[in-house]
Amino acid sequence: MNKQRLEAFTDGVYAIVITLLILDIRIPEVHPATLGSALVRMLPQAFTYVLSFFVVGLYWIANHRVALNVKQIDGTLIWLNLVWLLFVSVMPFPTSLLGRYPLQGVPIAIYGVDLILTNLTGLFISIYLMKHRELCVRAISPQTLRDQIPAYAIPNGVYGIAIGLGWILPWLSYVLYALVLAGLAVRFARINNPFQSSRRRG
Amino acid sequence: MNKQRLEAFTDGVYAIVITLLILDIRIPEVHPATLGSALVRMLPQAFTYVLSFFVVGLYWIANHRVALNVKQIDGTLIWLNLVWLLFVSVMPFPTSLLGRYPLQGVPIAIYGVDLILTNLTGLFISIYLMKHRELCVRAISPQTLRDQIPAYAIPNGVYGIAIGLGWILPWLSYVLYALVLAGLAVRFARINNPFQSSRRRG
Amino acid sequence: MNKQRLEAFTDGVYAIVITLLILDIRIPEVHPATLGSALVRMLPQAFTYVLSFFVVGLYWIANHRVALNVKQIDGTLIWLNLVWLLFVSVMPFPTSLLGRYPLQGVPIAIYGVDLILTNLTGLFISIYLMKHRELCVRAISPQTLRDQIPAYAIPNGVYGIAIGLGWILPWLSYVLYALVLAGLAVRFARINNPFQSSRRRG
Amino acid sequence: MNKQRLEAFTDGVYAIVITLLILDIRIPEVHPATLGSALVRMLPQAFTYVLSFFVVGLYWIANHRVALNVKQIDGTLIWLNLVWLLFVSVMPFPTSLLGRYPLQGVPIAIYGVDLILTNLTGLFISIYLMKHRELCVRAISPQTLRDQIPAYAIPNGVYGIAIGLGWILPWLSYVLYALVLAGLAVRFARINNPFQSSRRRG
């Protein structure tokens, strides 16, 4: 398989998932006079929608950052990428569940588990690339990977805490999910590796 | 991230949003003999569908016009683009709401607010590009941007008036939304900047 | 706008419409023992699904054939293309309507009207390209266009007859729609213009 | 039609089908206290979701492997590809049916029939390419095709057995579907034809 089609397929899946999220926000069926208050009651759902929108956007950026260093694709990498896409494609379900049952332990846990699994798949892909330097533009040294461990461990640790808090202080779980997202967003916005943008042109 | 994948992702999101709009037009469940009149009652919904279809199409064209002048992408620009896509992706919700509760103040306002936010995000992106000329094909001078202000201010002003009229003369709000759309459509159809079409070939 | 992004957007819309059609085929809610017969009752719906699938596929091929001769894009062409996409994007609605109310005059008429409008938009685009030879790879002579008139007039004529028959012999309308599709499919499958496949490579 | 747009359209359809599958997993409507057990009852549905996700992913990889050897496209090939996409696009329906009526003969059979039809279409395309060597990068000899027969016959044979078992030992049908998938996945992951990845670059 050539890399370009894998990227096109991957971009397609991300674009569809991020857009499908809105379909789960159903129009309320109420008397027009009470529409305003019905919409206000939908605010937790709107929050999880926006959260998931940026989570999917974030994973898409993360996917690209990994892909930039890939020059060749093998069968295993295609399957690892499919697993990654599986956990991303599932996202509308926990989002919808959390919107329907806000501030409940079970949906908060399912949401967090999906985030952790997506994160770990990204880590497995990085490990696989480290071991197969023939697939990489620049070989990934064990040191480079070790340096990235906190970028995987910290979000997952916070997700784990958020899952635990779901049964005790559910609103704090929301705050933690949003904080991880904000942290990663800032991190990604700052790193403007010239390697990235110049690659296709150079 | 390379520009090509950002464009592919962006085009994907626009293509999906514009196509998903039809899913909100549900088949009426009536006795076959009254199907004709049931469909006639759906005309306001059909109007908002067509309006939103061209609104999304318009924003897609606007996005391209901005992208044509971008030669390099940084982290902030990716996030600004994601925010832009968020407001576009949300569009099926106000469209559906307006179709379900036609000629009501609240849905007209939500529809208009989404239009204004999308519009303002486009303006912020232009300002950001003006300040980062290293990302641009041609540097955007403050004068160029000032010349574009009416193109942002007039639509938003009319949207604001349409929102206000939603509680008084809701059908006039519809007319105003459609007028802005028609105005921008004519404007975009006329400008055939040779720079645009020759870029990838030159 | 560059041509490549217009094509990517257009391909995206077609791909989404053709795939969304299946969403309108709802799982029957019956006792498991009667599932078989419930599925048999869905056969007219399955027929309209397959019909629409190939109709959308056909229009996508038609769109490509036109696009192959376009070397430059102007604002009007973008809007004409958007109108074309509008009529294609609408297709899930008449498909779903016809599946829900099979063998009825009104849905058959709406389905046919959408087919005619899509067809006519294709013709308008060809006329526009004839008048703007600067946009074309090869100028379209009035004679070339006149030669294509039957390819537009015959399907539309048959669609018109099918619409009329919808109130008298609805099953014959289905046959006519399927016949036009089969005729165009055979026609497109036969024409293997070398110009087509060699264009990007040459 | 140029090959690139056919691939873009095909990739789009696969990306949408694989992502739409999640839409059929509906949020349960229960009292929050019983949400956990309601979700546990959805496990068979989750199983068919994951199965179909990888089935679609597998067919996408199979499509690419065929496409890599295609250098030119004719009208027949476009239609054969459309038929292939039809059977793939249908997939959300049997998946949803199997999720709603698990361990039942009829849905297991419909699921298997769709898998067999998709598989056979792939075989027909290979036969067509064998007979039209002018369309191929490397001519497919009858011997090469004969060597591939088991790769088509074995899965279809197992699918047929799974269909038959659907009325007797339905859980075994699930196991057989999953086994074929796992077998093909391992096979595809192993074959890392250098021809594949070097094609666009060489």
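Per-chain residue numbering starts at 1, and chain names A, B, C and D are given in the order in which the chains are listed.
Operating definition for what follows: a residue touches a chain if its C-beta (ideal position, glycine included) is under 8 Å from a C-beta of that chain, and two chains touch if they have at least 3 such contacts.
Bear in mind that the values here come from a model prediction, so they are computed numbers and not experimental data.
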Regarding the chain A and chain B pair, does the interface count as same (over half of residue numbers shared) or different (under half shared)? different
In steps of 5 degrees, what rotation angle do you get fitting chain A onto chain D on the CA atoms? 90
Name the chain whose C-alpha centroid is most distant from the C-alpha centroid of chain C. A
Expressed in whole Å, how far the mean CA point of chain C lies from that of chain D is 26
So what's the Cα centroid distance for chain A and chain C, whole Å? 37
Which positions in chain D are in touch with at least two other chains? 8, 12, 15-16, 20, 23
Using the touch definition up top, name the residues of chain D that touch chain A in the complex. 7-8, 11-12, 14-16, 18-23, 25, 27, 32, 35-36, 39, 50, 53-54, 57, 60-61, 64-65, 68, 185, 188-192, 196-200
What part of chain D is in contact with chain C in the complex they form? 1-5, 8-9, 12-13, 15-17, 20, 23-24, 72-76, 78-79, 82, 85-86, 89-90, 92-93, 96-97, 100-101, 104, 106-107, 110
